Amino acid sequence: MKFGVVVLEGPYTHEAADTAYQFTKAALEKGHEVFRVFFYHDGVNNGTRLTTPPQDDRNIVTRWSELGEEHGLDLVVCVAAAQRRGIVDADEAKRNGKDADNIAPSFRISGLGQLIEAGIQSDRLLVFGD
Amino acid sequence: MSEAIKKFMYVNRKAPYGTVYALESLEVVLIGAAFDQDVSMAFMDDGVFQLTKGQDTGDTGVKNFSPTYKALGDYDVNKLYVEKESLEERGLSLDDLMPLTYEDEDDDWNEKPSIKLVSRSELTDLMEEQDVLMNF
Amino acid sequence: MATLHTVNKSPFEKNSLERCLSTAKDGSTILFIEDGVYSAVKGTKVSSSIEAALGKHNVYALKPDVTTRGLSDNMIDGIELVDYDGFVDLAAECSKVQSWL
Amino acid sequence: MATLHTVNKSPFEKNSLERCLSTAKDGSTILFIEDGVYSAVKGTKVSSSIEAALGKHNVYALKPDVTTRGLSDNMIDGIELVDYDGFVDLAAECSKVQSWL
Amino acid sequence: MSEAIKKFMYVNRKAPYGTVYALESLEVVLIGAAFDQDVSMAFMDDGVFQLTKGQDTGDTGVKNFSPTYKALGDYDVNKLYVEKESLEERGLSLDDLMPLTYEDEDDDWNEKPSIKLVSRSELTDLMEEQDVLMNF
Amino acid sequence: MKFGVVVLEGPYTHEAADTAYQFTKAALEKGHEVFRVFFYHDGVNNGTRLTTPPQDDRNIVTRWSELGEEHGLDLVVCVAAAQRRGIVDADEAKRNGKDADNIAPSFRISGLGQLIEAGIQSDRLLVFGD
């Protein structure tokens, strides 16, 4: 079965970011396909490589990056939501005249059409938010 | 895409302005209109406040996105289901909402209302019919 | 000096208003801000509790948040509207601020 | 196939549980996750509504979220606990998912 | 600092884990203990869930911060007011909470409970006495 | 009168960030002192210079920076909350081995003691959050 996962809340702030990760991981380990994980609203904050969580806590960003790497998972950060919140890759930094970028490995920035496509292509779409 | 058309419903349960959910939800609907799907929107609970008329953000400095709802008809998004019970609990009636319309291409482009008042049980039935529920 | 209580949540979605009303001392000041201004709308399922509160508390709503939501004509009588300046004055006049987040 | 309804909010703080119960069709599946698992605690001011729902719906709670909150011994009888694998199974078995955010 | 000691109350109304409010509130209390102020904590509404015993986060992978409450006594934070009505509405009693204690230096370092059950009206009175309310 | 302001939510996401700004601005314009604005929880996300909001919307970050500049306002981002969420200045970047920083002008990163101090020093402390 093909799942689409939508994450609307930021890391640490809301457990939705954790539940989305655990659901995605469990689905992949059971042999399901995850068509895409789409990060929207504050969910885009899952995709910054600049976090340094306490050493006795989970590293939410790294966890996503590794899951993406391991399973060739498509981790898409919404460009419009990312611009409002300051999540940028090298292209976006150049385009918007920023002197730095902060996107984490395995994530990519793209448009909202990718969310609609996930709704169309997936057998089940799950939204994790507040 | 060769897939059959899916029934998409955007479920709006949150008030505008207090949080960004309503505004960013509307952005999804506009982008989604470019895809050839069967789209509708549900406004229930505090989501009905998204449609009040006379919104004027001048003093808060936040962006007034209410005019965008008026553009939905031009994007062929013309099934806006508003739950009666939610309106009543909030002291509102249809007259308190923006008059949203679309031009019906199947009926000589006559202008028709996009907002459809439905009861809670009718809305439940409509939600059951959907293929995809986008919750905001 | 009394406490200033601020409520920034919709009374239809969260328990903040109910909690504020069950805790605020008589004579204290209540200010609705952000989605809290929905508490000040007349004819709702919570408006009778606000009308009752008007006899015990000084009740205000933040005008910019009311006009932003298009609700200026729907306010319960007796709730005074203040702008950000008025919010600052209320905070200064009261002894402390309790934000019912 | 029925709809899977997920509730992730405390029933004491927000209206999500109430709204889910008033909307979910008989025979549908309800899963409590995150702070939604507080809905599954016995002897609370909302527990009678959950007990009534057990006759009409298949009701589950996400076990990791229950144990995290120290509530394993406080669950209403008849609510089945599932782990993340079980969550995936429920999502696959149901026709679609309604998240009561 | 030369100022008089202020009465600080940390007001906790949110459940733990669902959002970060509870965890980061506790971090403030620990840092605040280094300042010589009159500190207390209020647990009301879903805030009472922060104190349940037996929290075990192994399966969610989130950080279990409940042991930190047990350290509060060592930081001289020993006035933890828990509202009775909030406990009862949630099907909980004092037995469901962690047994938190401190050693009373004014009473030969005897071990005493930090949690004080108070009624809603007692808590209201306590809140009125404060100089500063930190809401989380 | 001396105010302390605490901001617990991120820009755009929650109106609390707007209300806190408008309150602070009004207090300053009425001649009051604002001892400090302390950004905690997701409030730290007000302090990234990498945002690019839509041109027809307010720029929340720039607005804070300008208010800080104009009034010599002390805008403090909590270091612990910032580490969890990826808000870093040059020092923090170096200390945590990050290859970029994103702090906005007029903001500084410091510890939670600054929040307690704001509570002690201010005549009134106002918390804006969710």
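Each chain carries a letter (A, B, C, D, E and F) given by its place in the written order, and its residues are counted from 1.
Definition applied: a contact is a pair of C-beta atoms (placed from the backbone, for glycine too) under 8 Å apart; a residue touches a chain by one contact, two chains touch by 3 or more.
Please read these numbers as outputs of a predicted model, since none were measured by experiment.
Listing every chain that touches chain A and chain F alike gives B, E. Here the two chains linked by the largest count of contacting C-beta pairs are A-F. Chain centres here are Cα means. That of chain C falls 28 Å from that of chain E. Chain A and chain D, compared by their mean Cα positions, are separated by 26 Å. Our note on geometry: chain B versus chain F, Cα centroid distance of 35 Å, whole angstroms.
Those residues of chain B in touch with two or more other chains are numbered 14, 17-20, 45, 60, 62, 132-133, 135-136. Under the contact definition stated at the top, the residues of chain D that touch 2 or more other chains are 8, 12-13, 15, 34-35, 64-65, 83, 96-97, 99, 101. Residue positions 8, 12-13, 15, 22, 41, 54, 80, 84, 125, 127, 129-130 of chain A are each in touch with at least two other chains. The touch graph of the protein chains shown belongs to none of the named shapes.
Chain pairs that touch one another, listed by label: A-B, A-D, A-E, A-F, B-C, B-D, B-F, C-D, C-E, C-F, D-E, E-F. Those residues of chain A whose C-beta lies close enough to touch chain F in the complex are 10-13, 41-42, 45, 48-54, 61, 80, 83-88, 92-93, 96, 98, 100-102.
Residue ranges of chain F in contact with chain C, taken from their complex: 1, 3, 8, 15-16, 19, 22-23, 25-27, 30, 32, 123-130.
Residues 12-15 of chain D touch chain C in their complex.
Residues 17-20, 60-63 of chain E touch chain A in their complex.
Contacts from chain F toward chain E in the complex involve residues 6, 8, 40-41, 80-81, 84, 111-113, 115-117, 119-121, 125, 127, 129.
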